[in-house]
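Both complexes below contain subunit A, partnered by subunit B and then by subunit C.
After this line comes the complex of A and B, so read on.
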């Protein structure tokens, strides 16, 4: 069933040849809508500001999207299993404070500090996974709890202090290299690599197909002899690992360990996933759509600023786009059934 | 675009048609909301752009600041670009705003840092790109991370209400509660210590607090100190808890007027509103009203509009002459009360309401 839905999405055009009903408009929009919205937004801003469509500015937009981007990869995995994660931003903040404090205050070797910070993220992800699978609590409630726990630990551990003067290794991914005249941030390369890797895993491995299948029809997956609990535990842990990597990117981007980081990133990441066309009901969607979703938000934020519109309009536009995306998904879902 | 797709394929049932109509309506509403954007777009290269980044967009203090900046920008014929964090300590949003403003070609950026330390690397990058950066209201840590600081002297703001409280209390033995802002935020430390310095040290105190102290100075007369983030509801809870701790509290210092109103509500519920002196800081219009009503005894009024106007003027001057402001400029603070004390300079609430913000 999961496989079928993937195939259905990828063969938007020639589906009729296989004797199926013509692909619905809703399904078409679900597939191409996000990319279309991104391109339209870019065209609009390019026509309003001659500073928008430059290599430097586009590189900046991607750089500004890298933290939420990597969080949203983890969020996509969880949402594909019909779950949701409210704790991602708080876990990211904790990971960042752990690595910054260990390196700066405890004098731990920077590479080891980074590893421990990333592992903190993975550990919290695993905790989410255990609570969802072993105690069978709804993901929304579990991650609402761990959101608060991670937030509190972050503030207790950091004593509410922002950690400055972090060693160079922690800010490496904030450095740039030049392609022609455009400066590219290493962190954005890492983000693209993680998106590519996740796309490959979801598309070409049994694990990836099981992730879709669990979201579509957990009963069928269980009957097929797959250990759902183990699968979900792996998904939540992998997501936590990604949040840990986002911690590193956040420290690199801002140059500090910030206990207040990520407070709105949980909703930002869910927004990106939804804008990218992934269904909140699980089982359908694409991680590359999430990349497009992240970039849509980034392009609006940067573009509206460049043409001198208050940032609150970006929030307005995002709200409208989210409702649009979910509406399209609803229709795609009904037609599929 | 989407509508034309729908017509070319034929609407698939009434539901989808209705949805597309709704979407079209939403786009229409958006188009109505964006005209301001449409006319002010596409800065010419010779146009001077001034950026203003506040902590949030909702706090009346920052609304007034934006108003002052807009007035000054209109008067000077320059373009104002604004942005804000989503909550008080939202560093990431402020970093993003700085980057976008530098890319947009801003000559100068005025910022009230949400996180005084965390914002520094981003400010350094902007200054390296040749942009003038001025902190408004709140200094960065270190303070010289920005070219200049235009702000209320927060220590003095605390000092004024401390002196007033001392004069008002006379020989009564003080039992003090302080409703503070976030620990680790310089403004809340300066105001708190300024208040204690103005009130005068306790008999057993080692030294009088100074503006150089970076943490709350311990004082045996303060029986309850609570961090309520300057929020009215949290301050009410904080005051309720303080009253549980000591029913003898007779003097309450609050970091701002929402906190003062929260404290007043708690005191009133406990039937103690007439036995306790509340002093505060800010000078917002609702705060001055509360002074007029007798809920707050006195408040130190500050002037966000003036900060922003001075900031915009400084950026315009820099753009035209290359001359940069430096160091700290005090934007002034005035004690507002309707119960003046001999020997203490103050203005009444009529003056306060004429000069208030929010």
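After this line comes the complex of A and C, so read on.
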């Protein structure tokens, strides 16, 4: 007795390293659902409007999505650790005002101004991280607080003034280049690069795997000898850095440093993450799913506009999609337990 | 003790451990010895100092007095990580795995292998292929027949998950594997399977310390049983020539320990 090969109940063959894993229908739906939803939405709008599937329009959809897209990358990292970040939009607005004011009013070299604006984002991210790890406050409360702090600092510092006439370096990522007849914004290229980079880190580095593990079972991560506080601090700081980069994209897209930028972008980024199939309970999800989620929101906004539906219906559709996405996630989780 | 005459130096030994928490003395001069290639179970009533002893041996606490020796050398563990660095691995009752990660990633959690060359150095890229291959070897060593190391741990049964935890401990332990109530969260059949794994680990040459409340399991699998009472080791018995009811009697104080362990 005591034969350990009883473990092999479900698979009689010998252990091998590679080999396909059995996939449940729910898991498959959770994986491919977002992409399917995106393709269906695109097919629908293409059938209703001739202008939808043109290069110029699709390029516009992506360009309109690039700020929320980059914010949503940071949001994905934090949600994977079972956290949430309400402060991302406010941090982004602060970064934008910092870089625009330094460059325009203080005459700081534009490149240095950009660097300081981006670093402001990273510093706020680090503040979130310190509050979540050292003082062990729930991320929801921490980022609700820093949302208000960043918002207030933005308005005090900018004196409620939108900063115009920013130097060319700050709007570089709003410029376009042509591929055939389609104009593509540099900022969208940067967004795709950042998605690719984050995908690589999450999938192929120990840090990335630890991000999933800590959202999954923090106790197991601690017992494995991993410094959870350092890990979370790095995650929140990296997210802040991404918000700082989003500041630059926002300034580039609008051409101004706007203290009122990004006020609903925190919810928009969470929506994109959830639509992309990442679980709000942490430990499960994909950053490329978030890219799909961002595009779903962008396609609905653009498509409904094209076919002449009032913008309030876009909000309605987004709400329904979010609830659908979370429902699918719940079913997938229940199936696995 | 009767059963140590033929044995060499203990792999892990403790002499006169004392640990006090305020007015409570959890360990009151406790001794302990684990010999090569044996399964040593620790039993004791609640408050006997069982878990304090294990915490001291796995580095989770530092005893106030007494000495711990690893392979005859005096050691002081500065924490669980330090004990791990000394080759002592622990398997916990609550299945300390990350469910969404695959088997290979769980076995190497916190000890990942990076690719050799620039990809690993500059981009910190993991050698997933090698991790899966080695994970597969470790699982096969214990006769755990799971087809793919890419399978997420959450798709496994409770027993199989504990199998992953045992494989991880066995893979990295150089001296001792501590199993802290490894079957507490499992059903009868799965517990039976994990007991099989414990034997496999011993048969591969690693001594095992088993903490369990389950007397039949202890008497089924252990080579020797350390009985802890009131912060001390009161007896060490061999299940093959000792009655379970007598062990329980010593454990509860109904029977004196020292006299019997000699007999």
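As a convention for this text, the second predicted complex is superposed on the first by the 313 of 337 C-alpha atoms of A that agree within 3 Å, B and C clash if a C-alpha of one lies under 4 Å from a C-alpha of the other, contacts with A are read in each partner's own complex, and residues count from 1 in each chain.
In the analysis below, contacts are C-beta pairs under 8 Å (C-beta built on N, C-alpha and C of every residue); 3 or more make two chains touch, one makes a residue touch a chain.
Treat the numbers as computed from the prediction; the structure is a model and nothing was measured.
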Name the contact category of A:109: first (subunit B only), second (subunit C only), both, or neither.
neither
Subunit B versus subunit C as contact partner of A:306, first or second or both or neither:
first
Taking the superposition on A as described, I'd like to know which of subunit B and subunit C A:36 touches: first, second, both or neither.
first
Where on subunit A do the contacts with subunit B and the contacts with subunit C coincide?
none
Residues on subunit A engaged by subunit B in the complex (per definition of touch):
24-26, 28-29, 33, 36, 40, 48-51, 56-57, 60, 64, 67, 159-162, 164, 250, 253-256, 258, 260-264, 301-302, 304-313, 316-317, 320, 323-324, 327, 331
In the complex, subunit B residues that touch subunit A
1-2, 5-6, 9, 12, 15-16, 19, 23, 26-27, 30, 33-34, 36-37, 40-43, 57, 79, 81-84, 86-87, 89-92, 95-97, 99-101, 103-105, 114-115, 117-118, 120-122, 182-184
Under the stated contact criterion, what part of subunit A meets subunit C in this complex?
1-9, 11-22, 200, 204-207, 209-210, 212-213, 216-217, 219-221, 223-226, 283-284, 336-337
Residue ranges of subunit C touching subunit A (in the complex, touch as defined)
80-81, 84, 90, 92, 94, 96-102, 104-105, 109-112, 114, 123-126, 128-129, 132-133, 135-136, 139-140, 142-152, 154-155, 157, 159-160, 163, 189, 192-193, 195-197, 199-200, 221
